[in-house]
Structures are given as C-alpha cells and as structure tokens.
Amino acid sequence: MSKHVVAALQIGADPKGTQATLGKILSYEAELKEKKVELVVIPEATLGGYPKGSHFGTYLGYRLQAGREKFAEYFKGAIDVPGPEIEQLETLSASTGASIVIGVIERGGSSLYCTAVYIDSVKGYVGKHRKIMPTATERLIWGQGDGSTLITADFEGLGKVGGAICWENFMPLLRASFYAKGLNIYVAPTVDDRDGWTALIRTIGNEGRLFVVSAVAFLPTAQAAQLDMPGWPEGKNAIDGGSLIVNPYGDIIAGPLRGKEGLLTAEIDYDIIPQAKYDMDPVGHYSRGDIFQLTVDQTPRDAVVFK
Amino acid sequence: MSKHVVAALQIGADPKGTQATLGKILSYEAELKEKKVELVVIPEATLGGYPKGSHFGTYLGYRLQAGREKFAEYFKGAIDVPGPEIEQLETLSASTGASIVIGVIERGGSSLYCTAVYIDSVKGYVGKHRKIMPTATERLIWGQGDGSTLITADFEGLGKVGGAICWENFMPLLRASFYAKGLNIYVAPTVDDRDGWTALIRTIGNEGRLFVVSAVAFLPTAQAAQLDMPGWPEGKNAIDGGSLIVNPYGDIIAGPLRGKEGLLTAEIDYDIIPQAKYDMDPVGHYSRGDIFQLTVDQTPRDAVVFK
Amino acid sequence: MSKHVVAALQIGADPKGTQATLGKILSYEAELKEKKVELVVIPEATLGGYPKGSHFGTYLGYRLQAGREKFAEYFKGAIDVPGPEIEQLETLSASTGASIVIGVIERGGSSLYCTAVYIDSVKGYVGKHRKIMPTATERLIWGQGDGSTLITADFEGLGKVGGAICWENFMPLLRASFYAKGLNIYVAPTVDDRDGWTALIRTIGNEGRLFVVSAVAFLPTAQAAQLDMPGWPEGKNAIDGGSLIVNPYGDIIAGPLRGKEGLLTAEIDYDIIPQAKYDMDPVGHYSRGDIFQLTVDQTPRDAVVFK
Amino acid sequence: MSKHVVAALQIGADPKGTQATLGKILSYEAELKEKKVELVVIPEATLGGYPKGSHFGTYLGYRLQAGREKFAEYFKGAIDVPGPEIEQLETLSASTGASIVIGVIERGGSSLYCTAVYIDSVKGYVGKHRKIMPTATERLIWGQGDGSTLITADFEGLGKVGGAICWENFMPLLRASFYAKGLNIYVAPTVDDRDGWTALIRTIGNEGRLFVVSAVAFLPTAQAAQLDMPGWPEGKNAIDGGSLIVNPYGDIIAGPLRGKEGLLTAEIDYDIIPQAKYDMDPVGHYSRGDIFQLTVDQTPRDAVVFK
Amino acid sequence: MSKHVVAALQIGADPKGTQATLGKILSYEAELKEKKVELVVIPEATLGGYPKGSHFGTYLGYRLQAGREKFAEYFKGAIDVPGPEIEQLETLSASTGASIVIGVIERGGSSLYCTAVYIDSVKGYVGKHRKIMPTATERLIWGQGDGSTLITADFEGLGKVGGAICWENFMPLLRASFYAKGLNIYVAPTVDDRDGWTALIRTIGNEGRLFVVSAVAFLPTAQAAQLDMPGWPEGKNAIDGGSLIVNPYGDIIAGPLRGKEGLLTAEIDYDIIPQAKYDMDPVGHYSRGDIFQLTVDQTPRDAVVFK
Amino acid sequence: MSKHVVAALQIGADPKGTQATLGKILSYEAELKEKKVELVVIPEATLGGYPKGSHFGTYLGYRLQAGREKFAEYFKGAIDVPGPEIEQLETLSASTGASIVIGVIERGGSSLYCTAVYIDSVKGYVGKHRKIMPTATERLIWGQGDGSTLITADFEGLGKVGGAICWENFMPLLRASFYAKGLNIYVAPTVDDRDGWTALIRTIGNEGRLFVVSAVAFLPTAQAAQLDMPGWPEGKNAIDGGSLIVNPYGDIIAGPLRGKEGLLTAEIDYDIIPQAKYDMDPVGHYSRGDIFQLTVDQTPRDAVVFK
C-alpha cells in the first residue's frame, strides 16, 4: 500500500488546562476515523501550553516572585511521558488507527522539556524527542534535549516517521541528520505562524525529498486565549495557524490552513519518493562526503549516570 | 499537602553509654508529637559516640595497648543495624509520626562504620548509609562505605530524603549524585560546629535547590563530657552545636542553634522547590552533560561474595 | 556605512556566442552606475551558456557522434578563468564600482566546470567557485569542483560574500559551511526558475540570517533561444527568470522578477544582521556543536600533483 | 616566595560605554602599583556591561523590534578577544605587575559570550573562558562556551589560576573539574551581590582548599546607572558589590566590600595550601574515584570545522 | 565469657586400625575434662590413617595389582560420616564439654575424601569439610571436595569455628573466604611437620586476626609406625608433630610441640580480637573491595542430581 | 642464566633530609658493583622518610596547627615520580647494573602517596606502585593507590619483578593477584621489624612459590633519629631492620639482618621455581577456580578525567 492519509490537527491549548485540551483532541475521534487518517500531527506544546507573551517575571539579573509562581503553575500543567495523558492518547490512536505525533510540555526531573511524543496505533507509546534548541524566552523555561533524543518511529503501515519541533527545523545540520535516517514523512509541530515557515516547510520537502506534515498551533486573540501579550496588535490572533502538508518536490498539497482550528488532511503516495530522489538524494548521490561530513553524537548526556 | 514540619535534634552521646543516649532521645517524644514533626535528624555518631580528642593510642608505625583497649571499648558501645536500639527508635518513630535519620556507630563484621540510619514512621527501618570518607583520625576507627550505601529513603508523606554525614558533604561529586536522586530534603548529620559548616549547608540548599536539615552534635566541655582533649581550650564546649535548616534558595529558616541541646524545627513548603529550580536545576536545565558527566558506581564492594 | 545597493542581473547566454553575451552584460554599465550598485550577481552559465534541452547525443551505454561534436562546440564556447573575458569584466567592475559574481562555463584542462567567478571592484579577479554537484544531464558535460573551491570574497566595502550555484544550494551541509564563513551576502546564481526556488532562497536568508541575492537566468522560448527542447511546451520561455533578493528574516525585498531580462536591485542594511542573529545564529548560539559537528575538507583534490 | 597580594576590583560598566569603563579601570594603575598587587580580578561583564533589568523586548513566542535594536546596540558595545581593549589592559598589567582576570562581553562570530579574559603581567593575553551556562535572561543574549574553554592560566609568579563566572560556580561538577586542575587561586567574577554568594565563595575555598578571589560588580541605583529595572526597589543599588577573598579553610580574609566601588586586597600565603589539604584534598586523598568519576570533555565543539 | 581453653591433640593413626586409633583418642577424656578444654582439634586423617611413604603401586601410565589391593584395604579402614565412629566421638564431646574437629578418611560413595568432622559438645555432629585440594600422591587416593564443604560450625560457647586441612591452608583465596565468615578460631589439622608450617600458621593468625589451632599428626619412625618409606632417613619420625596455637597478632601462645604425642592447650581471650582488628581487618577496613573481589561459589557439585 | 644476585639495602631516612638520604644510598655504589648485584630493594618511605611516633597533631575531631605544619614540612620532603631524585637513582642503576625498587614518599597533586618506584638498569624508570592500603596513622598522611598501580616490572635479565609495601602484603587477595602475574621475584619494602614479618615473608615465598626480597628500614633510637616517640622504650631502635631473602620453599637464604644498616645479598637460582611449583602452583594446578574466583579491577580511578 503506497497511499496513506495524513493529517495536521491545527489546535491550541485550552485556557482551562491540560485535561480540557486533551478533551478537545479526543473530540476529533470521529473525524479521524471517517477520513481514515493514518498519521495525525498535533502542534508544539499542545498539552501543557505555550503561554505566548509571558516573560515569566524575569529580567536580566533578577526574577520577580510572581514569575517564579507562574513557572511553578506551568510546571504543574506539564505531563509525564509516558503517563496518564499519554495513555488516553494511546486509546485514541488504537481506536482510530491513526498514529500520533504530539507536542507536549514534559516534566523531566525538575526541568521542563518541549517534547514531541510518538504514539503508534498498534504499539502505543514508542518514544519521544526533546527539543534540543529552545528559542529566546523558551530558554528560561525549557531544558535542552541531547543527541539521544533524535528519534524516529517506525509507525504501523507507514514506516519511518521523524522530525523536529518549531525552529529546530531551521538547523540545517539537524535536518541533514534526519534525512540520513531514511524518513518517509517528516513531521514539524510548531507555534510559528508566519509565512517564512511555509517557505521552510516547502524547502524541507524539496531538499529532503520526503513528505512533510507541519501542524501549527492555533490560539485566538490574547483576550480569548487569556494571555497577556505586551505590544501585540489588538484583535490579532495569538497564533494564527498555517498548518500545511508538502510533497517530496516541495509542493504544497494541503493548506496552509489559517485563522481557525481544524483537521487538515491529504492523501500521499510513497511511490513519489524514489521518483523525487532520482533528481536529488541529499544523503546519497547528491552528497559530497569527501568534502562535507556531519558527525552526529547521539550519546545520552545525563549529568549523572548511576550504575 | 505541600507543608511539613522538620527538625534537627541537637544532642550528643551520653558519657554513661549507648543506652543512656537512647534514653535522652526517647525523652523528646512529647515535644516531637506536640510540634507535629514529620522528620527528625539526629547528629552523627549519636549512638556509639564521638570521643573527640582521642587518638586511640596510635602513632605513625605503632600502637599502644591502651589505645587498642580504648578501641575495643568503643567497639562494644557500637550497635548492630538493624538491631535492638533501632527497634526502640522504630517505636518512637511510629508513636510520634516522625521519620528519623540518626547517626550511629555501626558494627559491620569486625570493623566499625559511621552510619546514618533511616527509619520511616510507617515502614520502620528502611536502610542505612555508611560514611564513605572518614576524616583524619576517624580513618583509624571507621571503615569506608561503598557506593551501594548512597541510599535515599522514600519517607511516608515526605517523599525522597537522603544525604551524607559530616565532611562527606564537602565532596562535590557526592553531592551532585544526591541531587540527581531527586531529593526533597537533604539531611546532613555532623559533628562540625564551625561557621564554615553553616556556609556549606546554605550552599547545598542553594546549589541543590532543596531543603537541608543539618543536625550538629552538642557536647559540653571536655570535663563535663568526660573527654580527654589535648590542646583544646579550657571551658570551650567540645562540640558547640550549630544545627540549622535551610530552604532551596540557601536561606536559613531555623538556627543555627548553638551552645545547648534542643529540638530545632521549621515548617517547610515543597511548593518552593519548582520555583527555585526555575532559576537553576543542577542536574537538569543547569547542567552541561556534554561537558561534565559524573558516573556513580553503586556496586556493592564486599571483599568476599558468597553464592 | 551599513547600507548598500545590491543587484541581480537577470540575463541569459546569447545564441550568437560568448562574446555577444559579454557585450550584453557590458551594456548595463550605465544602469549599474546610476543605481550605485555595489554588487551584481549574474546567473549560472551565462558565459558559455546552458543549452537547455540537449542530451548531448548520449544514451545509457553509448553516444552518438553528433553528441560528441555538440560537446566539442560547447567546449569551444567556454572560457579560461582568469582570461580575456574576465579582464573585460574587471574593467566593467572598476568603472562602475560594482563587484561582480558571474556564472561561467570554465575550461579546466580538458574538462568543463560550471563556475562562479568573483571580481572585486578594486582588486579585480579574486577567485572562483566550481560547482561541486552537477545535476542530472549536467553530469555529462561538467566535472565536479573540490572542497578548495568553497571560497568567499572579501569585497571592497561589502565584506564577506560567497555562495553556491543552482541546486548545490539545496545541500544543507554546504549551506551550513557558508554560514560558518561569516557571510554578509549569500549569492546564488542559477537556472532554476520554479517557485520552489523562491522558497529555498527565502529559507536560506531565514536560516542563515544573512542577505541573499539570487540571479536566475532568463532565456526566451526555445525557438528564440535557438534551442532544441523535446517535450517542452510551445511558447513557454526556456528559463523564465525569478531573480530575487531576500533579507536576514527571509523576507523578499526585491523580485521575483519573471518573464524578462533586467537588473533587479535593492538597498540592504547590514545593521539588521545582528538584530536577526539575536533570534537565531546557525553557527553560534543556535547550534549544538556537542551533537552536530560538520567537518569541511577544503583540501585541493587534483588527481595528479607535481612537486 | 609564598606570599602574594591579590585583589578584587569592585566596579561596574560605565553608562557612557566600553571605553569609559576601560578608563575607569586604568585609573587604578597607581593603587595597584602602590599595594604591589600581583593579581586583580575584575567583575563579570565589566567591559560590555550588564544591563540589569532588561528583557531585550522578548516575550515567549515573539520579539519587539525595540528589543532587537537594544541587542544590536549591546552587540556593538562588546569587544573582540583579543583586540584593542585587551591590548590596553595588557599595558596596564605590564606596568603594574598585576596579572588580570576580567569579565567582558565578547563577540564570537555573530553571537555574544560572557567571557573571562586572562592577562599575564609578562606574557600578556594568555586565554579566555566563555561562560558555559548563562542564567535566565542571559540565555537570550549570550551563547554557551564549550568544554575547551575551561582554561587555567599559569600566571607569572603565581602559578595556576582559574575559575568560572557567576552562577557557573554553583555547578558542582564544574568546580570539581577546576579542583583537579591544581589551582592555587580560584577566581569568581560575578554580578551576584546576595549573601548566598558569600556562603558559596567560602564553601569553594573550603571544599577546594584553595584561595578564592571573587570580584562582584558594583552598579548604583537604576537611575544613576541609567537602567530600566521593573519591580526593583527605588533607591536600591542595582548591584551592591560584595567582593571578598577567602582562604583555603573558607575563612574570609578580605571583604565583603559592599555599597561602593573600590579595590579590595589581601595578602595570601601559599604555604597554607598543603596544610589545608592535609585535612581534605577533594581530588586526592579525600576523593572516592571507585564510586565517583567525573569525565570532563574539553573537546572544542564548533558547529563547523574547516580543514 | 571471653576466655576459653582450646587444644590440639597431637596424635597419629594406630597401625592396628581405626578402632584402635579411636580408643587412643577416647583415652584423653580425663585430661580434656581436667583442663576444661572447650575445643580440641585432632590432626588430618587420624581416623583412617595417612600411610606416609606409599605410592599405592602406581606409576605414570600403569598400576600394580598390589597397589590396588593396598587402596582397597585403605578404603576399608575409612569411615562413614556420620556413622558409628562419629557417634563415639559425640559421646566423648558431650561428656567432656569439648567440641571436636577431627581429621578423618571418609567414604563418600566409592571414593575417599580427606575430611574434617565438626562435633559440637551439645548438638553433636554438625557438619564436615572435605579437603578441596589434595597434594601430590594424595590425588591418587582422595577425591576433591566442592564449594559446599566450606563450612563453619557455631560451637556451643565458642561461636564460629572453621578452617581447612593441611596444604589447603596455603591457598590465599580459601583463607580469605574463611576470614569473611567471621571466625573466632581457625582450625588447621595437618600432617605437615616442617617449620614452614609454623610460619604459615603464624601468618594465618596475623593476617586473619583470629586464633588458630593447628593439630599436626605424630607418627614415630617408619618401623614403629609399620610404614614403608623409601628414601626416608632411618630413625627419623615419620611425622614429627609441631602442633601450635597462635593469637590474632600471629604470636605463638602454645607449642610447637614436637617429637611426641600429647595434648597441647592454651587459654585464649576473645577480647583480643577487636583489639587486633583495630590494626587490620582483612575483610573490613583493611580490604579494597573496589580492586579485589573474591567470589566464592558454594554450590554443591554432585555429578548427578536426582529430583 | 638462571643465577642472579639480589639484595636488600637495609637503611633509613637521614634526619638531615631527602638529599642526605639519597647520598647514603649512592654511597653503596661500589659494594653493589663488587657483589654484582642485579636487583636491590630499598625499604618503604626511604626517600621522604617515616616519622615514626608522630600523630601529626591530629585528634578525633580536630587538628592542632603544629600538626598541619608538620605535615606541610613532610610534604616538602616528598619527591615527584619521576623527578630529579629518581634521575640520580637511574644513574646509580645504570652504573652498577642493579635494577632498583625503592620506597619513597610521592607527591601526587596535593596528596602524598607511599610509593614503590621501579628503576631498570637499562631502561631507567619503568613504573611505580602506590600503596593501596595505608595502616592507621598513615591514613592521615597518605592517599590510597588504585588498581592501576599493581604493576610489575620486566627487569633487564631478571624478568618479572613486583610486589607490595609493608602491610599490604598481609592482604591475601592482593598477594594472589601478584602470584597470577607470574613473578620470579616478589619484593616487599617495609618498616615492620617484628618477627611476624619474617613469618609472613617465608609464607609468601612458600605459598607463592617464588623468591622474596624484603628490605626493612633501619632507624636508630628515637634520640639518634630525631624522632618523638611517645611510649616507646628508651634505647630501643625506632626500626630495628630485619631484611631477609627467601626461596620458593619459604626457606630463609639470607638474613634476617637486624640492628644495623647494611646490604644483604643472596644468590638465587631461577631453576628452583618450576621445581617448587611441582609441589604447588597457587594460580595453576593448586587453585580451585570453580570455587574461588578473584576479580582484580585495575581501572585507573582518578576522581576527574579530562579528555
């Protein structure tokens, strides 16, 4: 079977909290079944949330107590991976037959990580990727994943699926490492709703010669999303979406979907992949290993290892 | 429940012997109940004693018989772990609801160890830590614990509690290993009554982002404590105390208590921990596992293993 | 001076030959002066030509003699670098004050190379880059450059300028190597006129946090260009242009210019570069050298070296 | 010669800019000579500045243009290492005979680093340490140093001197690595003026059994220092100083100096070091390499390496 | 009660046979009672005998029938353990209050073993140790014990007693395993009458920090003992004795008794043991489990196991 | 050549210091040559000294400053290995043809180690062994070697030579490890002058079936040696010597030499070794690997490892 239906679920965290957000996701069960979706990608930080506009009460050289409390509250809204929320998603995955990649805020010890969780429709939870490079204010609240977190899942019926979160995808060496893993589908959950993101996703499809499913978060206006966003234009959505699906030539085959929540789907055909790689294979006939050699260190880098 | 009352019992070995010392501890039962103490830390070597000032008749290259006899007497005053003295403490713990960490001199085969015993208010005796690095003259009378002894207790209602004894706490790698164990409360029984100890305990709280309860021994003047202390100032207490309790920012919240015996208590609030780790998480977002990786070998190292 | 005018000269090889093409370029002297252009980028293979549609009489396993003769004719139209044509361009550069990057077909021994030549408005010819990865049928007629050819020029008044030719720019490791060279302006001469190219150029600006000037060739219909293009739609331009200039956020600031020859210009402001790198610095604060390390071997790789 | 005079220069960046700050430092030439200072430590970020209270216009998920411009301005005030400002300090060092460790903001490519520069009174510039772990908002503006940056200087007449910047010093594994380098003097430039810092510095002296010179920045009130510090108490100094010098027992031998600029000096005697290590040697007789082994990876981690 | 009388019964097998030898032992009943002996050790192979000088008619590659017959006769003289001879010794033990360790030749199936039998004055027969390493010609007539035979007895009033037979005691790993069993008294029945044996027994006391009772056999001249001893000096005793008792410092406190049969006794004081272990504890504070770890496999190794 | 002359140089540290002691050793050059000595063993702590009777001002729980100063002075008298003193011994070794094993006090970082240095008559310095188990007061002043220090030298003309220092030799597992290394000569430098030492050395020869050369220190009365020895009998030598040489049957073939300095020599014949191992081979036919297996971990155990 070379044809598959894949989807991006354009959605955002519910201001009522993690369990409410989870409920919103589960409400798509019927639509996922009906459209025979085999893979659904859910945006960055959907479980746990992305409190856009906050700076967590932190200034160069000091923190306000209110900022610490905001972080502690954010910490409570995060989830364990695996854990009970993941189990609910496993149930959804099994009932719909759609494997899931979802962006969550993960508690790892006492630090938080921006994590993409991989759930197989048959095997359940199969692994996670921790964002290795948070951007700007994210660096205050999220730790950095290490090289061991550059995983790919071998999803039921779909083969290799992997990818990275938000601006990590701008790291050319990271992308090259994923091309070398032999993906069929590259997934890119994000909160970046600008059109430069569209250009990036097309370029990933084009240079990597693979399908890309990018799920962008949707959050309404600051007021509706209960966010405090200094300097943000009144009435402008906090995150406007822009999910899209791209083929191995970099052509958009679905989306971008903007301005609302929704499930964006496309049928893809794996037979295109070798056709596209006839033109260019970024880690095969179109590489120059004699000049450029990328070393990827996937060693776990825990600060303390017990034996 | 995020709030807990913790205590350091500042006390010293009774010159009349181990059973007398035990009696002194048991006499605090009412106060422990009244103050609703959930954890009480008792200083290093309280049961068995710390005969400060002795050199056990030992000189470089030879020993005097009197020193051997002094050691043999010290050996008799030590306890087995577990054993009858520990059972008495289990009873105290169960009746008061206070879990106990107490410093004792333990007989292990024919060697002595400076040991911290962990007693849970519900489960009773749960484990022990043998000091891994005795200091100076201690090296004549105490063996060294191995890596298997770096335990933490999961105390009823309190979660993870662990720590080390006296100058072990100056070992940065040891401390880092405990931070990686995810403690809520770090305990530090000691006989060090100097103010550098206060600075250390504050630094442990600060760098480890956890609560610290340090119980320092109190022994009166050499005469009163029936000790022979060559070169020690007349009238100066043998060990002057200095117990203190510190929060995850390294602030002192109780003590230091000096110059007398007594029960030092403080109410602590676990909700502060994630707030403090927002600033710094020594084994999470504030570590550099790519540069520094600590390996901790917890293998038991008995000289002879039977199977 | 942080502001500069840069240009892409959208042009194609004249069917009358190399000298005619050179004449066409020189005819822009006045416009370059008038617009105070400091850098002009000229498309891939402009001198020497890109005989789109040919397969040089070559099939898998054999060649037709006609193909060999076509190649020999093409060989004659190529140039030496440096050489007389380059000298004419040095004169143009000096007179206009515009440094030049131009795509040419270079004779190197008995092989041809698709080369970008760097001409400084003050110092004249300063170096060349030979395409390291020809695409498809290009592999029949052009050799591959080696690592020594990844040059950057330090152009008068502009600082570091460098880049690659056509689909080389899809190689993520090659791009990363240029980001590490600290370019202000990335140049991308090409013959690719599709909109995926636009997405790529925007992504280069965005991920590299630098300005990009991409000069795309323009060739009219096959008939007008005197090309034989089997299967090509009648009346469709052979190469439709699409030159564009992009800023360090990936925003298009000029172009894409389509359907005709012409000089596309934009004023750029270097002050934006550190502002943009505040967000992301692909080889600085936004890299993960502990995970991804790219080694670039720039050793010359001549087959035979005499000493 | 076992006795030496060491100093901490408690000072802050001049709001008039880097050259003005440099002038302030140079004005101490006579006092350095008069007091026969052999080592002077100058606080974190003194050249380049520490704009306490800024958050560089950055919120979770977006940046304001004003923040980018503030960063670009900050970038301009930073220095190259080595470079002209360092040369001026080399002159000061040579004329006074005082080796210098100074905190600066360093331009490294397009990223900034918080760097400690080592200048020998005879050999001049000998190396630099880039902070490996920025704290909170610092993570927006400074990159992370790699393991190759854990340098020590072998200063004329003083032997090994090394250390870390600000909260790096709270990293127990980092400290242990410096103890293993065999320092005589540990230097700790910082902007942390709280008393927990005093406790830390005393603990470093105590656990490391070496001298510590900590130079803390001094900046007057926000108004005087031309800083915007939201939520900061009116009239409270932005950074109140607290420089101190500690001996290998953790005793304070000079300072803490608070509330003003000034040169804090102390005479130290290296003969104390082996005496103090008789009690405890954190990487020798007081380590347990069989249990705890710290691996320090000092490999340079440039994202791209050319050869 | 820390003081005890222990004894070595220096004796040899009677040429008239096992029952005669047993009679000789029983004849010491009065003396054992009178001297209040609590432990008596009787030499190797006392019951069953040690036909010194025989080679059982065996040469490399063949045997003489006479040798086979000699072995069969020797087999008949051996005993079962437990069995009737042991019962007689149990009676002796009970009547005198002396626990017994005696060397015998044991029939185990159709093989013979050189065995030490442990008889408690209250509990009677409590176990046996089969020599695990016969020496030289012994290998023709005795099998090898397995790890399950490394027993210790917990003798009435004496605590742990254990040990090995003859040259087994030269095996450093075997000795270490016994030290780890926590013996008070190490017993060493033997037929080795040389002065190197004295040095060994002293060394066992010294390194093991325990009391050692070594009972050496006494056999008169070959003629008197009815032995055929080719090459043996005329008139020299076949086994000259040499029994001795050693304290935990390796000092001889009784013996060596040479040239005759007899009961060698000494009063020992257990209080010396912890005093001696203050100096050295071979399996406690004086071991290096991180370097040397001895694994002792005590699994029974019967060739065929039925279940 | 199976015959060799080996020697123990019975000597002690000169109260005038390390260089004076070295001079004393060098004065034996002529005698070493004359007697054709091929191996000379020099006692424990000869260079650096063994200040018998000191307790370095240390009592349980505190130190006197005088003790710290005594240690610092002792630290200064220690040597680097390799270093200038070792070079002088290399010269002696080369000129006499005698390989040397000498006990020294070694500075390793800021800790001292009791070390045996191996110097080959042809290759010079070849390695060192750091005592792994200091005894009693030694634990105050010397660190512990790790498993990597269990070296053997392959001395010119002599083959494998190795061993341990003083009471380490009482560790049965350590000895077993050396037997497994296949030594011809076991060396045992010491300060133990008691006759239990003689018994131990004989037992090592006997159980290990190798030659043993034990060099015991000689120091005259406390007064003459300028030592303060509390409780030591007036007029008794501080260390009385007792050097001896033993063959593979445990027979003394030279010494014990008591009461004076001097060079003790013996001719040994390697041909005896296989003869003696016919009787017993402690790691071959006389071992029981199915029961006893000793694991020796020779991993270096530095607390901090840089790479």
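Going by the order they are written in, the chains are A, B, C, D, E and F; count residues from 1 in each one.
Heads up, the rule we're going with is that a contact is a pair of C-beta atoms (placed from the backbone, for glycine too) under 8 Å apart; a residue touches a chain by one contact, two chains touch by 3 or more.
Computed from a predicted structure; not experimentally measured.
Counted as hops between touching chains, the shortest connection from chain C to chain F is 2. Between chain B and chain F, the least number of touching-chain steps is 1. Note: Cα superposition of chain A onto chain B, rotation of 80 degrees, nearest 5. In this assembly, E is the chain whose CA centroid lies farthest from the centroid of chain D. Centroids built from CA atoms put chain F at 35 Å from chain E. Work out the mean CA point of chain A and of chain F, and you get 66 Å between them.
One inter-chain figure worth recording: chain B and chain E are separated by 47 Å, centre to centre, where each centre is the mean of the chain's CA atoms.
Multi-chain contact residues of chain C (touching two or more other chains): 176-177, 179, 279, 282, 287-288, 290-298. Residues 132-133, 135-136, 144, 146-147, 150, 167, 170-177, 179, 196, 198-200, 202-203, 206-207, 249-251, 279-280, 282, 286-288, 290-298, 301 of chain E are the ones that touch chain F when the two sit in their complex. Chain contact summary for the complex, chain A toward chain D: residues 50-64, 136-141, 173, 191, 229-232, 238-239, 303.
Of all residues in chain D, those touching chain F in their complex are 176-177, 179-180, 182, 209, 271, 273-279, 281-285, 287-290, 292-299. Within the complex formed with chain E, the chain B residues making contact are 56, 63, 67-69, 71-72, 75-76, 108-112, 140-144, 146, 300-307.
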